[in-house]
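After this come two complexes, each holding chain A, first together with chain B and then together with chain C.
Our next item is the complex of A and B:
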């Protein structure tokens, strides 16, 4: 059962300052459970810093971060990961000399087990089922036994998204998931995110500068500009916002 | 202390660093900022002689070091902490530190551990006899710095020490770098993307983009207006 209106993430007056630069400026932002929220903005808008505040890689200068009703502002990144905030980074980090199946197996075991259990051989049938399910979600079943280094750039990105999904995140952060992709791969990424949504109900926060992609995958959009919220709302509301158009067409 | 003049550094036919001038003064902490792929690591490798510059000169305490072998440059007083840390997992913390001062003749780990190091990194003293592999990522980073310190460098080069490390440990590393600079006259050249760490330690910054220095100044100057946003992911 899902509760469509409960808030999973909320930032209040979130601010991050570096020297005299206010990289994130008094941002109020919410993500509801089961939503896909898109965060967009031109280069230098504060998207990267905002995500680093959510994951705990940077400490906040001011404001707070509430996750699942709990104030996590002063917690360490690993504590947030354990609570279910999982990030897929922009740069891919997969094991090229291993197959897709083995990459996923490591991700699943790493999540569920201690190092000792990771090394011990045991019954893997549950894990095998899960790997199969993940490959299906990613439309990568036909490549299950391929070496990861032989995948295209797009396929490697998708595998890594699946590795993040294997950790059963409550909130999945995707940093520019279509980075370096052509139009075809970008469309397939839209499909992948839809599959993930449908099969796992994962709440997602997707950071992108590609407006076209983001409006296809998001229920709700937030536009950052110079660190502050420029516009927030449904895809339609944001698209019809004059301020957003100005920023994106460079009439700033 | 350290000066590079119009140095070019690359890999074979592919040049990465283009005519870079930079300077690190006595007792100062200087930072090189830049996105992934901007050439930060290559620049450090040029300075330590792992990728000798194909053009330009590097001087250290008035002496030309470009053209010298890496071990000769290290012996002049430049310590290097690589991004990969390269800790030896199967030997103790203490022996990892010893390796920092093992000269070519003295590869038998007879060299002493400089005890002052533990004043700065007490966590390592507690783990002195533990194997390197038992350390957390943050402790391994501290060990990599400690190992470089054991060669008693005048200048320490650090390649993204904050990478993959939780903010509380990053802060701790920043505090110790400031202490090393003020109490032990060690200068630091630090390559970073973590602006928190840079803000807490750096007296002066250079911004590297596509192998060129595109801006420089102290962080307050660089963060004024929208200057820094053009070159860094914020």
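Our next item is the complex of A and C:
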């Protein structure tokens, strides 16, 4: 399924402490280009915190983050996004007071625009075709000019995935993309991600609780437990791991 | 395009019609009111510039500033000292170069401190409020240089190439400035940068994680807004010929925030409308209602917060939408409250 050629993300001894709580504990982790890695674990395992360290939302307590060969441990979040690390949040973070088209414009323009270029830019018609193509992928083209706050939960989730994809990420972080969805919407999300993968071959790091979903979209899994790596490998390897069975999959 | 189509297009844009009507009223003030009232209206217009500057920061970017009068007052005091003090320097240079540089640098310094320390939300509001209190105290304490609580008197009217601007020319000049700042602000909010500001208002972290330098954007708009407020203050000094510490204080700052809220936060028309309307009501109704006017103003503000959070402009937009629905004119426009054309035409 993947055509891994080189490492895009590597963490070395990555640690995050909140007071006395160690949310991420000495994690060594790699993601190869073009693969889709699932990050799983029980509630409170540190999955979302791990992703937030990658994006720069949280400062690292110890360890380092290497992205595409460059140490980005102390880099500002917006600079990481410009380098190609884009995140879709668990609880949707779309711009409710804007239309779907404006949301996508916001996402598309972010990575490549200096403040002065943004000030000078008064015409976005050059990206209209791309926006409508994206909306078609998500079956949202009929709501292009609706205010985002009026969309259903599932539609907002898809819009945010499309926004993240529209920014042309090199590394797409998806935090529970099926959160709050029913089986039908979850299946449609699998199709959407497969569609995106087929078109863009984007590297993805997916945090998810739904094991059926993660099996369908990932080809490699990492299991976190109490902030530390419990197991890593292919989906089959991780599924057959006794420790994983005991702390996580056994309860599924 | 036929004449009928042109008329249709014109009347199909209530916002544009409203703006033009407002402009016509403001242009007609010297005709509608006696000269003694025109100076008062000139002050209204100067404060409307301050309201626009606050709307950029609060309405569009979501940074509730409760101390913006500090920049307005700093501009007023700078002009009060520089206009009579350095006769060799043209007034235009003082008011439109030195004052905005001074106030812009003040805003830059305060903004840099606040944004680099990631002061947001209510902490931002409180800190800016404290800045205004400190500025007001400084003006009150420095009696020899800034006149203390008595302020500075006998500030001359501004001159342009040797011509002193008095009542009516000064009104039109100030109105010309307001129109200029309105158009500049409109140009900003309709740009991709304006979209970034709206993104910051709705979700700053999300916006940064798409690659936008939100700290630089906030600093830029705060600095620009401070410079704009400073120019408004400089104009106030030359209109009123007198400045005093309350011009820098939090009372004025919060008053203007209320004007913007009543007019319609996040719309430039709302900022101007709120500023002009409430000042006009203040001067007319306070004579009738005496001290009860402040209570009436408080009630108006509470009603706006509870009933019309988008202010008068929001109410007018909703009414227009309902009217169109009832008339059934243009199905695409019937859902105007549900959709947006993308650009913030205001």
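Criterion: the second predicted complex is superposed on the first by the 199 of 252 C-alpha atoms of A that agree within 3 Å, B and C clash if a C-alpha of one lies under 4 Å from a C-alpha of the other, contacts with A are read in each partner's own complex, and residues count from 1 in each chain.
By our rule, contacts are C-beta pairs under 8 Å (C-beta built on N, C-alpha and C of every residue); 3 or more make two chains touch, one makes a residue touch a chain.
All of these numbers come straight from a predicted model, not from anything done at the bench.
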Chain B versus chain C as contact partner of A:184, first or second or both or neither: neither
Chain A residues touched by each partner, larger count belonging to chain B or chain C: C
Touched partner set for A:19, first chain B, second chain C, both or neither: first
Partner chain in contact with A:43 - chain B first, chain C second, else both or neither: first
A:125 touches, of chain B and chain C: first, second, both or neither? neither
Touching partner for A:59 - first (chain B), second (chain C), both, neither: first
Touching partner for A:107 - first (chain B), second (chain C), both, neither: second
Partner chain in contact with A:78 - chain B first, chain C second, else both or neither: both
Contacts on chain A seen with chain B and repeated with chain C across the two complexes: 57, 76-78
Complex contacts: residues of chain B adjacent to chain A: 36, 166-168, 171, 194-196, 198-199, 219-220, 222-224, 226, 228-230, 233-234
Residues of chain A touching chain B in the complex: 18-21, 23, 43-46, 48-49, 56-59, 76-78, 91, 226-227
Complex contacts: residues of chain C adjacent to chain A: 187-188, 190-193, 195-196, 198-199, 202-203, 205-214, 216-217, 220, 338-342
Contact set on chain A toward chain C in their complex: 55, 57, 76-78, 81-82, 86-87, 89, 93, 95-99, 101-102, 105-107, 109-113, 115, 117-122, 124, 145-147, 150, 163, 167
